[in-house]
Amino acid sequence: MADATAVTVEDLVAWVHRFSEVIAEHADELTQLDSPIGDADHGTNMRRGCRAAVEALEATGPEDVTGFGRAIAMKLISAVGGTSGPLYGSFFLAFGTAGGATHTLDDAGTVAALRAAVDAVAARGKAEPGDKTMLDALIPAVEAMEASLEAGGSLRDAMAAGTTAAEEGMHATTPMIARKGRASYLGERSIGHQDPGATSSWLLVRSAAETLAA
Amino acid sequence: MKKLINGTDDVVAEALQGMEQAHPELKINHELKVIVRGDAPVQGKVGVISGGGSGHEPMHGGFVGRGMLDAACPGEVFTSPTPDQMLEATKAVDGGAGVLHIVKNYTGDVLNFEMAAELAQADGIDVASVVIDDDVAVQDSSFTAGRRGVGATVLAEKICGAAAEAGKDLATVTELCERVNAQGRSMGMALTSCTVPAAGKPTFELGDDEMEIGIGIHGEPGRERRPVTTAAEVAKQLVDPILADLPYERGEKALVFVNSMGGTPLIELYILYNEVVKLLAEHGIEIARNLVGPYITSLEMQGASVTLLKLDDEMTGYWDAAVETPALRWGA
Amino acid sequence: MKKLINGTDDVVAEALQGMEQAHPELKINHELKVIVRGDAPVQGKVGVISGGGSGHEPMHGGFVGRGMLDAACPGEVFTSPTPDQMLEATKAVDGGAGVLHIVKNYTGDVLNFEMAAELAQADGIDVASVVIDDDVAVQDSSFTAGRRGVGATVLAEKICGAAAEAGKDLATVTELCERVNAQGRSMGMALTSCTVPAAGKPTFELGDDEMEIGIGIHGEPGRERRPVTTAAEVAKQLVDPILADLPYERGEKALVFVNSMGGTPLIELYILYNEVVKLLAEHGIEIARNLVGPYITSLEMQGASVTLLKLDDEMTGYWDAAVETPALRWGA
Amino acid sequence: MADATAVTVEDLVAWVHRFSEVIAEHADELTQLDSPIGDADHGTNMRRGCRAAVEALEATGPEDVTGFGRAIAMKLISAVGGTSGPLYGSFFLAFGTAGGATHTLDDAGTVAALRAAVDAVAARGKAEPGDKTMLDALIPAVEAMEASLEAGGSLRDAMAAGTTAAEEGMHATTPMIARKGRASYLGERSIGHQDPGATSSWLLVRSAAETLAA
C-alpha cells in the first residue's frame, strides 16, 4: 500500500509545477483578495516566485527531498518577497529537512513532512489559528490528513480530506478579524473578506492532492 | 491606470537605472537591487541600512549617502525586499564595526530582515536590528502585528546615520535608534488612493467627499472613512491621536515632520504645516526642528502624514549634522 | 475638489504662513506677499528676483536663499503678481549693484514686471530684465506673445543666482541669463489636469487613455491630445521637438532637467529620466549635469517636462556652485 | 459750447463708479468669455480691481485730472493683476498725464486724453488692431470720437459714435485668430470666441458716454 503511493522527488517537483500553474491561473484573484485588506500584491508576488521556483527546479534537478525543499525555499524566499515569501520558504525548507536525504516518502513520511512544514510557518510568523492567515487553511489541512491516515485511509484519502479542510479553513477566514499581517491594521474592517494567504495555501494543498496522490 | 512607465514588471528595475544615471555618486547592484553609498564600506564605521517595498520614494534609496544610510534595498512596489538583497547590502557596508538594520514593522519586512540577519551573523557580521513602529493609527498589542513603521523611519535613518558617521559604536547607534522610535509618533490620511502598477487600478475607492484617516503607506485603507474637511480640522485629526498616545509637557521640544503621500503638492503641505504649528502652540510644544515635503510616500496618493519626535539634545545634534544624500542635504 | 486647504481665497496667504514657519531663515512680507532671503540686501551684490503665479511650488519661493534668488513674489494661483509686490522685492534686495528680474514669458508677468522695473528705476535702482521663453510647444514668432517660460526658469535662477553670489555685475549676470534662456529648451506633457482652488473643478478633462502633449504650467490644454503610451515613447515625444528646435553636435554637453508637474512621483520620474538618457546617448549628447524632481509644478497635475540646457563651462561652474534654499541645496 | 460739456474731475469719478458697476454686472460673462481662450479670470480680476479703485477714490478724492488718473491706475495695477491690470492701469495713467493738473477738460481735451490713454495701452501691450485684444474695441472707439469732433459734433455725439465703434470692434474679435495674450497659445483654436478684454473695453467706453457727456 505504502509502496503503491510512494511519493518521489519527481512527484514533489510535479507538485511545485502544478502549484505554479494554479497560482498563475488565480493570480489576479489572489491580488484582488489582497486589495481590500492588504496591499494588492499577493497574486503578483506568488506568481513571480513560483515561476522562479519552477525554473530553479529545471536548472538544478534535486536529488532528494531535502535538496528539493531547500531549492524551492531559497527561490521562494528570494523571489516572492513580502510576508508570504519567507513563510512559504520556511514551509518548504522544513518539508525538506523533515523529509530527509531520501528519494521517496511513504504516506506517513509525506504527512509528517507536511506537518513539519506547517509548524515552521507557525514558528516563523508567530500566528495562531483564528488570526486570519494562511495557517487557517494549513493547520486544518494537515490535521485532517493526520486523522485520515490514523483512521487507515490512503494518502489519496488523506489528501482529499486535507483539501476539503483547507478549503473550509479558507472560507472560515472571511468572518474573522485579522490579528496578524497587514490586514490586522484594519481591525474590524477586515471582517467580511477572505484571506489571500489562506487562499493560496488551499491551492498549495489542492496541488499536493493532485500530484502526490493522483 | 496612467503612469509614466514602460512594462509594469520593469518599474523598480528601470527606476533604479534612472536613479543610477541621476546619481553617479551611488553604487547600484542591479541584479540584487541594492543601492550603496559610493565610498562603502567605511572602515571602522557602523553601517546603517534599511529597505522595504518600493513606491515610497525618496525613502529609502534617496537617503543613501554620507551622514545617513550606507545602503538601501528596494523591494517590488509595496513588497518587502528579500533576505538575499539585505545580506548583500549588509556585506557591502560592513566596515568591521557591525551593521544596524532599520526595519519598518510590517510582517514581511520583519521576517525577511530576520532571515537576513541570521545569514549575516552566520557570515560573522555583527548585526543589530531596530523595528520602527510609530503609527498611532494602529492599536498596539502583543497579539497583533503591532504598529506600522512610517514617518519616524526617516528621522531614525537621519539621526542614526549621523551618529554612525560620528564614529559611535553599534550598541550606541542601536540604542539611539530605539530611542527615536520610542519618542516618535505618526498619523496619516489620504484624499485619494494610489494604484500599484501591477494591479492596474486604485487599491481603494473614495467618494468625492470622503477621506481615509489612519492610513499606512501601502495604499491600505485607513482606520476610518470620514467626510473631507478643512486643513485645520485634518491637522487636528492627525495631531490629537499622536499627543494622546505620547503626551508632551509644556515647553518640551519636538521635531515636526509634515509629509506628502506623493500627490499632495507643497502649497497644500505648507497650509497643513501652518495648522499643525498652531495646534502645537496651543499645547505649549516648542517646534525645535521641522521637515516639510514628500519623503515617505505612497506612489501618487494625495494625502499627508504628521510625525512628531520628542527631541533630546543628542537627537537634535545628530539631526543638524551634515547629510549628503539625493533627498536630504545640509551642512555639508 | 479635494485639497488640504481651508478657504479657497486663503490658499496663497496661508501657504506663505506655513512656509515662514518651516523656514525661519527667510523673511516674508505677508501684506505684499514677498519672500526675501534672511540677509538681504547683500551690499555690493546684484539682487536676483523672480515671481509669478502660485501653484508652481517650490518655484519661486523655494529657490530663495544664498546662491539663488534674493526674493520671490508669488501671485494668486496661476495669476501674475503685481508691480507693487515686485517693487517691494526689488527694493528689499537692492544692495547697490542693481537687480535682475527673471520673468517668465506670459503677457501678464511681462507687463507687471515692466511696470515694476520702471517704478524701481524711478526710485534710482538699476534694474535689468530677462524674459525666459523656452517652451518649444508654442510656435515662436515676433507677431505673437511668443513662447512660454517654463523649466529653463529654474536653471536660470540657479545659474544667475550663483553668478550674482560670486560678485558678478548686473551686465554680466544679465548676459548670462540671456544665454541660459537662449540655450535652454523645454517641452511638457500631462496625464491628468489640475484644479485651481478658486475654480473648484479640473481645468480640462482627459479620458483614461489620453494625455496632453505640449502643455504649459497653468493647466492650460496642450498642443495636442494623444493616446497614453510608454515612458520610452513619451520621452521621445518630449525630446524630439527640443532637439529639432536646438540641435546638438555629437559630444556637446547638456544639463538635463526632468521635472514632475506635481502629481507624478519620483519613481516614475526616474523611469522617464532613464529613457531620456538613452535617447540623448543615441544623439551623442553628453549629460554633464542633471536635475530630477518636482521643481516647477502645476498644483497636483500628473505629468512631466524635460528641459535641456546646452552647457558651457561658465554655466557649469555656476550650476555647481553652492546653493542653500528650501528646495535646492548643495556644496554649502 | 465747450463750457456746456466741460468734463470735471467729479464726472471722471462718476465714470469709474459706473464702470465698476457694469463690470460687476458682467463679471461672470467676462470670466466665461475668458474660459475657452484664456484662464477664466478676467471678470473676477476686473471686478476685484474696479471695486478697489472705487474705494481708493472715496478715500482720497483726487483734486485734478492727473491725480485722478494716477489714483485709478495704481489701484488697477495692484488689484487687477494679470494682463489687464497693467493695461487698464496704463490707460488711466496716460489719461491723467495727458489731461494735466486741471479740474476740467473741454471736449477736445477729453478726447485727446482718451487718445493718449489708448496709445498707452498699445505701447504697453505691443498689440495691433486685429490681434484679438482690447485694442480692437479701443482704437475704433477713439478714432470714431476724433472723427466726430472733427466733423463738428458735440462730445455727446463723439461719445455715442465711440460706443458704437467699440461695440462693433468687440464683435469683430470673434472670427479673429489671437496673436497676443494667453489666447495666442491656442492658435487657430482661438477662432469663434469673442475676446474678453475687448468686451470689458466696450463697457469702459460705454460708461464714459453715460457719465462724461450725459
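To keep things simple, chains are lettered A, B, C and D as they appear, and every chain counts its residues starting from 1.
Simple rule for what comes next: a contact is a pair of C-beta atoms (placed from the backbone, for glycine too) under 8 Å apart; a residue touches a chain by one contact, two chains touch by 3 or more.
Remember, predicted model here, so these are calculated numbers, not experimental data.
Peer 1: On a C-alpha centroid basis, what's the spacing between subunit B and subunit D, in Å?
Peer 2: 57
Peer 1: I'd like to verify one number: the distance from the centre of subunit A to the centre of subunit B, where each centre is the average of its C-alpha atoms, in whole angstrom.
Peer 2: Spacing between the chain centres: roughly 32 Å.
Peer 1: What is the distance in Å between the mean C-alpha positions of subunit B and subunit C?
Peer 2: Result: the chain centres lie 29 Å from each other.
Peer 1: Residues of subunit C touching 2+ other chains?
Peer 2: Counting only residues that touch two or more other chains, subunit C contributes none.
Peer 1: Draw the chains as dots and join the ones that touch; what shape do you get: line, ring, star, complete or other?
Peer 2: Here the contact pattern is a line, an open path with two ends.
Peer 1: So, with touch as defined above, which chain pairs make the list?
Peer 2: Those chain pairs which touch are A-B, B-C, C-D.
Peer 1: Using the touch rule from the top, collect the residues of subunit C that touch subunit D in their complex.
Peer 2: 75-76, 78-84, 106-108, 111-112, 114-115, 138-139, 143-145, 148, 196, 198-199, 203, 216, 218, 220
Peer 1: Which subunit A residues qualify as touching subunit B in the complex?
Peer 2: Interface residues on the subunit A side: 31, 35-41, 44-45, 48, 77-87, 89, 124-125, 179-182, 184-187, 189.
Peer 1: Any idea which subunit B residues touch subunit C in the complex?
Peer 2: Per the stated touch rule, the residues are 2-6, 11-12, 14-19, 21-22, 54-55, 57-58, 62, 77, 191-192, 208, 211, 228, 230-232, 234, 262-275, 277, 287, 290, 292, 294, 297, 299-300, 302, 304, 329-332.
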